[in-house]
Amino acid sequence: MAIEAGKGTEGGARRIRLGMVGGGQGAFIGAVHRIAARLDDRYELVAGALSSDAERARASGADLGLAPERSYASFSEMASAEAARDDGIEVVSIVTPNHMHVPAAKAFLEAGIHVICDKPLSVSVAEAEDLVALQAKSRRIFALTHNYTGYPLIRQARAMVEAGELGEIRLVQMEYAQDWLSERAEATGSKQAEWRTDPARSGAGGCIGDIGTHAYNLGAFVSGLKTRELLAELTTFVEGRALDDDVRVLLRYEGGAKGVLWASQVAVGNENALRLQVYGTKGGLEWCQENPNQLWFSRLGQPKQLLTRNGAGSLPAAARMTRVPPGHPEGYLEGFANIYYEVAEAILAARSGGAPDAAVTYPSVADGLAGMRFIEAAVASSRGGSVWTPVG
Amino acid sequence: MAIEAGKGTEGGARRIRLGMVGGGQGAFIGAVHRIAARLDDRYELVAGALSSDAERARASGADLGLAPERSYASFSEMASAEAARDDGIEVVSIVTPNHMHVPAAKAFLEAGIHVICDKPLSVSVAEAEDLVALQAKSRRIFALTHNYTGYPLIRQARAMVEAGELGEIRLVQMEYAQDWLSERAEATGSKQAEWRTDPARSGAGGCIGDIGTHAYNLGAFVSGLKTRELLAELTTFVEGRALDDDVRVLLRYEGGAKGVLWASQVAVGNENALRLQVYGTKGGLEWCQENPNQLWFSRLGQPKQLLTRNGAGSLPAAARMTRVPPGHPEGYLEGFANIYYEVAEAILAARSGGAPDAAVTYPSVADGLAGMRFIEAAVASSRGGSVWTPVG
Amino acid sequence: MAIEAGKGTEGGARRIRLGMVGGGQGAFIGAVHRIAARLDDRYELVAGALSSDAERARASGADLGLAPERSYASFSEMASAEAARDDGIEVVSIVTPNHMHVPAAKAFLEAGIHVICDKPLSVSVAEAEDLVALQAKSRRIFALTHNYTGYPLIRQARAMVEAGELGEIRLVQMEYAQDWLSERAEATGSKQAEWRTDPARSGAGGCIGDIGTHAYNLGAFVSGLKTRELLAELTTFVEGRALDDDVRVLLRYEGGAKGVLWASQVAVGNENALRLQVYGTKGGLEWCQENPNQLWFSRLGQPKQLLTRNGAGSLPAAARMTRVPPGHPEGYLEGFANIYYEVAEAILAARSGGAPDAAVTYPSVADGLAGMRFIEAAVASSRGGSVWTPVG
Amino acid sequence: MAIEAGKGTEGGARRIRLGMVGGGQGAFIGAVHRIAARLDDRYELVAGALSSDAERARASGADLGLAPERSYASFSEMASAEAARDDGIEVVSIVTPNHMHVPAAKAFLEAGIHVICDKPLSVSVAEAEDLVALQAKSRRIFALTHNYTGYPLIRQARAMVEAGELGEIRLVQMEYAQDWLSERAEATGSKQAEWRTDPARSGAGGCIGDIGTHAYNLGAFVSGLKTRELLAELTTFVEGRALDDDVRVLLRYEGGAKGVLWASQVAVGNENALRLQVYGTKGGLEWCQENPNQLWFSRLGQPKQLLTRNGAGSLPAAARMTRVPPGHPEGYLEGFANIYYEVAEAILAARSGGAPDAAVTYPSVADGLAGMRFIEAAVASSRGGSVWTPVG
């Protein structure tokens, strides 16, 4: 994925035909997905059901240059129409509020179309389990955009843990602090705030579903650990809000490691401070999303090292995920694009009936189910007065 | 306390006569106390019971230039002998392992001598409560060296919270990470590790008593909040160790604020990373001990500000605690010396029968008791399976 | 340029037809240009003369999915053929080594095609002056990819200076440190090193042309100052190298401000450390490219502020250049894409015979000439023994 | 110098008798010297000529607890009186404005008393050369408080360069930025500003003498390089000021290394930002005084390391200069105290007719002369229009 022409990373006839559900005018994450798809020139957006409002869907499609007949009023219509076309979409991106994820995903998987879906996967564990079963049957690719796992240095961190550089893992500290919901933004016209604080559209978790799952997924992705049980306290600090806006969770992993996860949307002064620390018997790692081009690595008894994206010491698992030399910062969109890059690898392999390179890694429907189990266990633990609760 | 002669901050006949219990050859914290006492020239060390080993006590006294007859073999002998002298010590510093704090403190308070004592206060709540009662009766000054409260920017943070700059406090995040006990140092000759991991000398808390109490005290000092209950998990990661080396605690404060405290001595790559974050409805503060000359302050919806020690925006409560201009870093010893400075203010006032300036602040015996309640509640909560436990 | 569909930032029939000269297999900067063009979906690459080697040109075109007849063996052939097509390219990106910039640019301007050209503009001032004249006559758009001016916080800095937030500017400190030429990479197979250290392809400046001009341009862009004279010392530290690898320049600006510029490619430990500091009578700014999402701003006598990309205090000139919320980092590719975005604005306006919005800003052929004057003056000053030398 | 009793670092009969010239009420640096002398308990202040104003001298002496008969009205009276006493001072600290340094130093050296003197050494090279000759004859110890060389990590940096860890040195970048003279503070009552901007008391250099010499000395101390010639531009930005407030200097070292030095007192937002970068063929070092507990070290082609004071990888030359464990920050006063510590080592050795340990290092009268040559060469170069000028 180095910046070189001729590796099949860009363009031409090999582009994958992509559709999108959600992401119409006024949306945020839809445009992020489209940039991510475009960055490496491996996708072409050709169809969409861009809004549940038919008029907005049509106008949004026109904005994006979709052929009018491929700008659909509903995802179900889109799934069947596209499945029937010779040049129908190969993969769909689902970028709606949470409650639509599973219904839409089912429609496309059943139509034989691969799925890229925003997180969290669903609004309940039960719904997620159904989808896991359906996906297995469908043999279609399913990727969940836990986009932070796409950062090259997160790949580096995971590879270092796997290689035993940290020894046996003891501690995983996850922190995700924001401040944009410090006041009641959902009451003053923020569309982003509205659906994220609405149980009907978000499910039982507010902050925990929106950002807590990202932190949880990241901790699991890097440490490779499975959670045995957790204990949580969810709080709603802003009066009148229907869902939690601050979450603190103690975690016990299989094998004896311990974790703390703190996520908050009322921590004034924090924009998007997702931080991860992992400590083992021999070494430690520290990373913060706001400057994702740096990873601290410490070996017990030695000076701390500052690893940089694509810099000295880059492992292959990280180096394949970067486009520009060290010192030329990459950011959120590149990390997001890496998920699309990996999915493209898998789709291209599937086109010819094969499997992608073993290095290809993207969050799966199983990760989505794990996230839902985390949410449900945390909500249950908190309602029960912060008691230890098994995690699926 | 600006660097100016003529403010009574230095020297001469006004120096306070100081004694020391513990702190002989091979000790660490005793020398820190002596530097702290010396820095502003307000104390003169004239007596000591520097070791429980009589020979080492004598030799240590000689090293420090004590008159031979004032280098005592025991603290009790020292208390009575010094109380009987016209030029006897006015205040004693107790810098022994934890289990000796209260017995020594009692002896000196009963002899009418002020006390400066290392933390944690005692090895049990009961013992601490006794001391609180005795101290009240004695009307002597008692200061506990929770030295991190001496940092000027911690004073700044506290003053900003008091002034309402953060609005109503919602979150207090405390973190204290070290790595020096990642392996079993107590088994390989580290004196510092030996007593800190020995229940007989440290009490029921290992990491929680050694550094957890510092973090807890700091959170309370800055936020001004009282803890209602806590829930804790104490872990011993290093095999064969008798006390905890990692602690995670959830806190519920009176009034509804929430806290998380994580302290660890097995977090590889952390030297002495004591960090505090406080978030309210209107603002947030972030501080890290390893660079104590900086304090981040955020007002909701405004750019983050980097406040510096003695720099623009310094409040009087902070400015009075610094010696050199901004950009000239102060450190651990200066922060520690500030506790001695404050105690000197109180002693000088007491000499003339008065009270010190209202701005004078130092951790008290009550703070020591609060720390012990924190330790005991955490140990009990953890043993009970991490249940909510009232804090005294 | 917020992430919203429907602003004409993405797609469809509005896409601008783009060609490329250089950037074939094995090149670095060509792929960067293509990503930059693609990011906002405003361009479509349809033609190329991707290598001076005909076979590589053809193969590179195929990789990128170009129609075979639009993958040309030379830029001159391409210019005439594309100019003759109804669907010919509207703009060409020139991403060759320096000595080819002007010949290629002339061919396309003369064919009536807009030009985006890599920096430095040319290999001599004379050549650059010719091009300036030709471009003026041609009335075609000409943009030079001094990409670092595309960073949102650099736009913010420039706008703050323009608005007088810093008062009268006194000091401009420019620093650009790398280490990738610390050893003789050009002798051990690095294509990037080969042409950059070859006077025939790079012109008279090595480090000064490759990165010194970036720093110089950035200083001028933000400060708005014109250079009156300079004094330089160019050094070649690596034995056998034909061009300078380290440059230090003193600058005198019109109006009395002073500058220092240091650029080096042998500063071990620096990846791509482009730093800018600007100080005026009332305020100061500091920025580093390696974390471009932060800008330090100080008002005299007030605490330092950390401005963030798209965060609190963003001026319109900066906010229009970002795609994602604060805390979601943008990087090098997004900054580069902003130049393409601005050029697209200008081309779309030109299509309909108008001028782009007044906010549209991109480095021009005049900036390219200024850069060449800087290089020539510095080389002359250094050869003359570091004497003050007027800058065009 | 670890914190342990019993190493002769503290107290008793071994304390060195110290006098002070200057540093009376209202002074800044005098109190710094006194704290530095006190920190390790190796000195006792017993005499002073604390002000050129007799009344202020007397009052200042009383404040500090000096015996009235040892609080002198002039340094010459003090030198002869103290030399005549059996218990006379062994060493004097000279902390006056610059023009008094040499007259006072001469008086004490001639009286057989060791000297610690503030920087810069004198107001002219000629005066400095005289003093060098006198000191050599006197065989007394002479230390110049270029205090920044006392920082442990500066000792580490020097030792690493000496050990060849950086290979052959190519580049030395020195930067010292402040903002406290951004406006005309000398006209609005700042005593500190008054004498520093007065040629009669400061000599021919303003900013260059006050802080430029610190940066220059630090570069030489760490790199071990000798300057062959320099080229300078001194500027006075603030109208009405008599001396320079901004300095930029190009340096050519013997052996071919190059340097840049920028010092400014009008760089808004900088408190005391003394920074040093040293780059060689194999490695690089970066350090900033505002957080002196960190030193960046890079080996070519390897990840950057963050060395910490007293942390992993500390060399003996650095470890002997620290008092507290890593992570417990030391600051400006400790670094300053290290100069006093080293001088005490030398004086104690001299008491018994010997030489101190080879590791003892403190800035000497020769360093003071080198600093004066730097100032005079820079002033001459600047007046000559920035021409290369040999440095003594």
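The first chain written gets the first letter, and so on, giving A, B, C and D; residue counts start at 1 in each chain.
By our rule, a residue touches a chain if its C-beta (ideal position, glycine included) is under 8 Å from a C-beta of that chain, and two chains touch if they have at least 3 such contacts.
Labels paired with UniProt names: A, B, C, D = Putative dehydrogenase.
From a predicted model like this one, the values you see are computed outputs, not experimental measurements.
Using the average of C-alpha coordinates as each chain's centre, C ends up farthest from chain B. Counting C-beta pairs in contact across A-C and across A-D shows that the higher total falls to A-C.
Chain A and chain D have centres, each the mean of its CA atoms, that are 55 Å apart.
Chain D has its Cα centroid 44 Å from the Cα centroid of chain C. In whole angstrom, the spacing between the mean C-alpha positions of chain A and chain C is 34. Residues of chain D found to touch two or more other chains are 270, 297, 304, 308, 311.
Partner chain A is touched in their complex by these residues of chain C: 3-8, 10-15, 23-28, 30-32, 34-35, 38-41, 45, 50, 59-60, 62-66, 178, 180, 270-273, 289-293, 308, 311, 323-334.
Note for the complex: chain D touches chain A at residues 297, 301-308, 311-313. Interface of chain C with chain D (complex): residues 166, 170-171, 173, 179, 182-183, 231, 233, 235, 237, 246, 248, 250, 258, 260, 262, 264, 266-270, 277, 279-284, 286, 296-300, 304, 385-386, 388.
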